[in-house]
């Protein structure tokens, strides 16, 4: 089940600079490209003549030409030329999806185009702000349902067990999580005072002693996560709003469903320390990729378990409160969307 | 849906020279071999004892011996020996299929053996004629429905887009196709007067200027295509029946269904020019294989689209007339065959 | 269909010495490990929190800790600790399976633990007897139903056709098999007097002339086979109970179902000749692996045939008597078990 009236990240901006991008999103085949003047375009990736993916064709100016019989589509999805004949048959068109380029990503709207509202894209201003340095992650293709990604990021107690060498340590689980309802989602907060810094943070910033560490994750529908994490010297006021020095950064993540059991994860790391340190850039690229791949292994193993038994007897624990809350909100939103669609059909 | 009462190519003659050939045809497992005296044999590829494929056994004279317990089958499919016992149990037999060796191919009849009529094999005399040189193609295994192959060959306007480097050029699509009903199928004709020769033809025969080019494709049931194509110097009468010099040849193709969504394509190129030119032989082998593989990529991508959505909203265009006509005739033939089978069952 | 109230081999003893072993048995995910004090443990391989396989976690003393959020399970399957909270939620447990280490193997009981009775493990004393030398086979993963393994071992006439280079020769099929009902199964016997020794036996023991050869296979439920085979000089009394010299050995095999269409085969070769000859050890490892792999090829090809057509028209032959008898007994036992389970449910 997917929320259709929502923005998902379809691609990095520089992916469509390099040519046509074919990607299945919410089980629909999509082809993405960039117009010569810059704007992104997303069309159904299937010629309406003989079903060849349009991504096997080529871009001609603003338009896309099918690689089989040369039919040409404009950015609205309208077929505007059929080689060898003067007219275009009625019905010669494919679906076009609203797309917006923002925060270095191409966002796509998979639902009713009339409802596409760009204010629903999260305000992740760090991605374009000069005081923040952004390190891009690769597109992760995960053999797992997209909601497992939100579960994973909302519950950072797993750092202790999954990422013991990099981000985890025993201090984390000793402190409880707090769950707050926010607009469109849920905030999880955990404050870890006066503890040893985790290995990766210690590498970035040689702390002399203990640190105050924060983990604040805002998960909003359908599958956005803003992970605000970091630490500063213990007792310098991080928990009272004074984050002085140390390691402050965001991990921004969008899980875009490919199918019911696979997804793409797009992630980036804007940071506000050591902006010009290319070694830290490299560490973010390499070490966090390793961390994310540890999570991918976990999520793919979960998916295989759920494939075998989708609803096994199971328990919840305290740290699940935020992820259960956001799953509930998503389920409600999907139900509301379906009810609305039914109502629309009834009145049609 | 398959037409069962029809001949399909099961193998090249030289494939069965080299040993047992296991091939699934119309979703049935078949093993093919050649008797010492020469005639081909086709049996169900499944021992009637414990279901081991007979293709894992060995040929013993005219017969085939299972590789598990040594049961021996004669060319009629009758089990004639069971090691360790003197009698053969009732029901000890497998299906035998009518086979005929013709035009360098082994043709198999998958329907009612009583209806097997060798005059239904197409008269492709060029394959054995001394004035024609034949270049054999490899057996192409295609992850696509067999009807996509006929579609492809009946509509050569795709040359412009799929094979631009070899056979296509812009001239083709400017000329209309003509559709004629012929015995057992459909003829598509397109005449392209006074145009530049396509790259590959220019390579074979250095034309001084423009050419008259013809594309005449006869598609007959179930899945035969005789593609008669070529060109001669413009204005020398090719369209009035005088093909003098130039590049005249046939591409002969049979698409044999493996399953509903996969097939084998057998093809050969008989030509009536440069018979002794081995470089042209090599070019046919190499360059047309490249062309056919470009088509395979297209057909397999179509199949993946149809796997996702078998009946999407779609349009037809002018050049589809021949392929729509032959698809209609095939659908009618299959329907007639099924109706006949039902009637037979009613009267049984 | 599986017999659940039965012991299956889950692993070699030395597999769990090396760490956690994840294995699907009777379609259920199982994780196996060894306690520090030695005893084996088998648990459901799925954390009851978020379904991560426990085999991705780590052993902590007697217990197993999940690799995602650190839940700890004891050998009874009870969750005894949840990091970050003091209580364990109700329902925090996974299934534990009875396991017994015997004959170098870890035996698992997949049915009702109350019925687990270790006297049902076959008495394969040769595996631990000082007068016998045991060569272990690797764990074979077979893409075929487990009953095909018993079929294969109960009918050694296949040696002539499948293993002609090693164990087969033409003499075998000339002698009939005898079928006897034994406790829990069936005995197949074939005595082959005064015949040439098969290639592999001749290699082990340079016989001067003909041999008396015996093949006695006891197949017991659910899928155990004790293959007692060998030969001694002809006329020295092997068939009258005097096996003097020659090549006497057992091949012991358990086929453990992984799923309905895949299984594991565990096998070992205890022998009572040339105990210290390491070259013969190597030959057993290498040559019998080759023999078993020839059988795997056959069984996997059978399975592919049955996948296509599970109930094709088929015949039985004389040598099938033992395997048909054991299949019948197994079907009855499974039916009885199901009837019992139904009755239990009715009275509950």
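By letter and in written order, the chains are A, B and C; residue numbering begins at 1 in each of them.
Basically, contacts are C-beta pairs under 8 Å (C-beta built on N, C-alpha and C of every residue); 3 or more make two chains touch, one makes a residue touch a chain.
Just so we're clear, the structure is a prediction, and the values are computed from it rather than from any experiment.
> Between subunit B and subunit C, two touching copies, which fits better, same or different residues at the interface, with half of the numbers shared as the threshold?
Different: fewer than half of the residue numbers at the subunit B-subunit C interface appear in both copies.
> Tell me the angle, as a multiple of 5 degrees, of the rotation that maps subunit A onto subunit B over the C-alpha atoms.
120
> Would you mind pulling out the distance in Å between where the CA atoms of subunit B average out and where those of subunit C do?
48
> Which positions in subunit A are in touch with at least two other chains?
In subunit A, no residue touches at least two other chains, as defined above.
> Per the contact definition, I'd like the list of subunit B residues that touch subunit C in the complex.
It comes out as residues 29, 46, 48-53, 56-57, 65-71, 79, 82-85, 89-92.
> For subunit A, which residues are in contact with subunit C within the complex?
For subunit A paired with subunit C, touching residues are 151, 155, 157-158, 160-162, 173-174, 176, 297-298, 301-302, 304-306, 308-309, 312-319.
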